[in-house]
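What follows is a set of structures to go through.
Two complexes follow with chain A in common, the first pairing it with chain B and the second with chain C.
For the complex of A and B:
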């Protein structure tokens, strides 16, 4: 029975006030803990332990990886790797690929999403086709692009051959090799951007758009001053997810160019792979991997800060 | 059935305890039951062959074998990770000669010296034993000692009026020009230059064919040498001047694909391509030793079985290696896959086998001759790094991103740094 308005419920006797609830909560907490324990153990084994081990490796000498003995080096491996020309070149090339990918993804992704959002005839079928690359394993996608682009007898070359021409030598030119990586990466990443933007566009409130239209706003003004600011949270999610993906790019580079020609497409992931499994420099590879995580996190944080909603009620 | 909270808690606690049991303990219990785990290269001839015959080993030794097949591109990484984690995931594995010095130096694999008799050593032969020896230790036993032999199309040679395979670099260049036929899409040969280990082995072969090597007698890098310059000049001459090989940065898979499609007149490739080529090319090809400027033949590499230091069943691993490299098994391997094998007694049996055709026997003999003409890879722990450096030079020069002078200087400086590393 509810107390009458304006009156307070009678207080329970002192001492007995919280006892039943506390016993109940404790038991529930224990049950909850035990039920989630296997998942927590699995998480610790598969995520926390490898990350902790990588950090530990990066702070020690090679003996730690080989024999498990402590050989603490402090930040020595970090300064060695960060100072190496190979790491700096790979970082610079990674940044170039990330930037080029992001500009193209933003322009093309938004254009396609807006076109599909208009609900023209065939847009549903096109949406399904656009999503197809998401279902392809990155290594398979990369191999497909190698077959399309390969110098001399790829698909592009065959098509050009029917017109008596020959295709460009994609992997024998530094800039074309970089472009081939950006194109293949774009093909794999664009569907995610488009689907996210489509979902964002579908959830936009109609009132501000209607009001702007009534006030005579052009489509461009609608996009720049109404839609894009409202899409900020979606764009922030896309940026964070895609930043991590773009910085970790490996399969495409490994399959298409192997990091060449002359290391011109070497990126941080291929650099780390080489330090770890070719040079067998485990502390250096671990330090480079941690640096990659920190760089990615820094860029992601920057993206979130730039795109955060600054309205007072948010 | 209703489950009480107490029952649920008890079951949960039991499950958590079971889940936290140390996995190695369970693994060792399995190992003690007489099982070994063998790491193989997925899709390779030896993967297929040894899986097919594993029951014979189990019958003879009592050890069961579980094969774990790993794709070529990941295989080294898997074995390194297994050694690093001390997981003991493999008792024995197939090993590329390239890995042996560094794996032994890092303590990943065992010395097999005490398990091989003098008679066996003599049967394998000096060259084969050298490919698996490092600092006096026998770190693996070989099943294949080979190099890239020159495959050439007899029909295209005949059409071009050529009677024999090229015996020198000059002839190689000349024959490639004569057999190339643009309108039909046929090239004289292909120079592999994609940055990666495969194309790097070709550049190492060119160094040796030009009379040089990657390291001098004193162990110091000789990348920036006359032989290196001649090697890179020959490659560029073949592609850019003679236009007898396609431009572009291509790799082994491209070379194999173009050869099998009939688009190459000559291709320096490994022996395993022989059996794959017979049907698509209608038998119109032959095998010869790759020509050289000073030395014919390419760099020799071996594949063999190594025993993992972290093996849970070391006795089983040794038994498996002895069985896999025995006279009978290598005879069977050579016969089934038409590959050269490293035991004299096995080669003898193949020669006497009347079920093997004369063409196939001639091909096996040609592969053996090619390997005998070549020189082993440089047995240093830094060899993988040297190949990596050759990859940068190779792709750099063939894409014109580097001049030959730049590539030689850059390669020398990188090699000096690599050799100075521990």
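For the complex of A and C:
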């Protein structure tokens, strides 16, 4: 049963869904509002309100969290936290982990995706294997890496032991401990990068590639000047999601190093957790949490702006 | 098919296979180590050098694990993840249908806001949940976890479902309307039965993020009465003596369903990961 043409108000012509400037129809708007309202209220209660409350706690003294009284401090907690060596160290270490993870994931993720995209015999098996950690809990992944790297009875030490050698002390050395976090993190993040890039590669239009090849472009030129620019939307999504995940990294650090040795692997989330629930500095912890939100938001926005599709409109 | 691929020129087929094999080994080793260790007798676990594969497999660690608190952790994880997914499902299906087909002033901004919460660090929710839940008696309570997981599960499910629903043919909706069905009837009797893959992917993602969540559970649960699997596993590490065999058995029990789901639904998962990314 097809509706007769012209019986419903602003039916967008086929193929032009949603994008053109639309006029809102009163009753359709009301239906939309009613459909989305329960979920929006649920999010307001469980997300917007708690965050607003965290902001309020961060602007007040400790009494506010304990008794609900107002003790307005302005930005005092922010200057105190931002000036503390613990927060600065955690921020610096978080940035190092974010950067190292980003470079490794970009290079390895793209290399694996391109290798799988060749479609050699057995590619399906390989892509199933490299996707395996995709949904594994960070806690479980980190636990396994800890038991692989741990000195003495760990896997690496055992393999080294059969040759009469011994592996490095991963969790006693500052840089090795940091490296262990990046390795475990890489294991968990790489499947997402690979699968997203593979899906992006599969949907590339073949015409520009074909044309460039006919013109004699080398494979590297094809990659850099044709494929990567076409993959920009996918890369933007990967970048935003992975940046956010790397900035809030907690589980891996908690299980693998516990922030040690001597807080050298402390990251923002573990710092905030300790400030809130061990030091019991609620206002300071709240201020640090809001700073983490702002930093994550700033980097995500930067990633989106850098990779935005720029239309050739001069 | 994929000529013009830098790896083809430099490496050749053999090189590509070697590279893929090395990466695959990197991906498989931690999984192998969990499973292999879970079957080793304790006497083989804490020795140097330890065996890479035991010749005396045992189910002891599984027995101890299942006799201890781990059944509680498992049940709590199922309640928390299942409950928040069910609640998320009831809220996200109409919301996604509304965002996808019934735009209203401000609706796209609200959808963008919902999607943006994906990058939100959950640690920022820990303190308000902890303080507020204490007042309501929701600390160490599975119901508290269901509520606390909503801000993580719900945006993800709305995001995925809106992507699927946008592609739902308008002709089918119009036809049902001609037959006298209202919006709720259309949603339940036409849209949902025809969107099972999308609903499945959304439910799966919602369930898995709650199933894997750690920081919030660590904050608002205190005892095995409400602690989930990730928290239960982590308490075993921080204790004085690390019970590797038991822990690996628990990890294996936790891991294998997740791996099975990942392999079985890989295409759906990719669609879920991509949903919204190519549009909006």
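Couple of notes before you dig in:
Criterion: the second predicted complex is superposed on the first by the 274 of 314 C-alpha atoms of A that agree within 3 Å, B and C clash if a C-alpha of one lies under 4 Å from a C-alpha of the other, contacts with A are read in each partner's own complex, and residues count from 1 in each chain.
The rule is short, and it goes like this: contacts are C-beta pairs under 8 Å (C-beta built on N, C-alpha and C of every residue); 3 or more make two chains touch, one makes a residue touch a chain.
Bear in mind that the values here come from a model prediction, so they are computed numbers and not experimental data.
Partners chain B and chain C, brought together by superposition on chain A, clash.
The wider contact with chain A, measured as residues touched, comes from C rather than the other of chain B and chain C. When both complexes are overlaid on chain A, the residue A:169 reaches chain B alone and has no touch with chain C.
Touch criterion not met for A:180: it reaches neither chain B nor chain C. Contacts of A:93 after superposition: neither chain B nor chain C is touched.
In the superposition on chain A, contact of A:62 is made with chain B only, not with chain C.
Of the two partner chains placed around the shared chain by superposition, chain B and chain C are both touched by A:31. Of the two partner chains placed around the shared chain by superposition, neither chain B nor chain C is touched by A:77. Residue contacts after overlaying the shared chain place A:152 against chain B and chain C alike. When the two complexes are overlaid on their common chain A, residue A:262 makes contact with chain B while staying clear of chain C. Of the two partner chains placed by the overlay, only chain B lies in contact with A:278; chain C stays clear of it.
Stretch 239-247 of chain C is the one among 95-103, 239-247 or 257-265 that clashes with chain B after the shared chain A is superposed. Once both structures are placed on chain A, chain A residues 30-31, 34-35, 38, 65, 152-153, 254, 258, 276-277, 282 are touched by chain B and, in the other complex, by chain C. Residues 1-3, 8, 11, 17-18, 22, 24, 28-36, 38-40, 42-43, 46-47, 49-51, 53-54, 57, 65, 108, 111-112, 114-120, 122, 126-141, 143-148, 152-155, 157-159, 161-162, 187, 190-192, 195-196, 198-199, 201, 209, 212-213, 217-220, 222-223, 226-227, 233-234, 237, 240-241, 243-244, 247-248, 250-251, 254-255, 258, 268-269, 272-273, 276-277, 282, 285-286, 289-290, 292-293, 296-297, 300 of chain A touch chain C in their complex. For chain B in complex with chain A, the residues that touch the partner chain are 5, 8-9, 12-13, 15-16, 19-20, 73, 76-77, 80, 84, 86, 102, 106-107, 193-196, 246-251, 254, 258, 263, 384-385, 388, 391-393, 395-396, 398-402, 407, 418, 421-422. Residues 1-11, 13, 16-17, 19-20, 23-24, 26-31, 33-34, 37, 45-52, 91-92, 94-95, 97-99, 101-105, 107, 110, 114, 116-132, 147-148, 150-151, 154-155, 158, 166, 170-171, 174-175, 178-179, 183, 208, 211-212, 214-215, 218-219, 229-230, 233-234, 237-238, 244, 247-248, 251, 254-255, 258-259, 261-263, 266, 269-270, 273-274, 277-278 of chain C are the ones that touch chain A when the two sit in their complex. Chain A contributes residues 27, 30-31, 34-35, 37-38, 41, 62, 65-68, 150-153, 169, 171-174, 177, 254, 257-264, 274, 276-282 to its touches with chain B in the complex.
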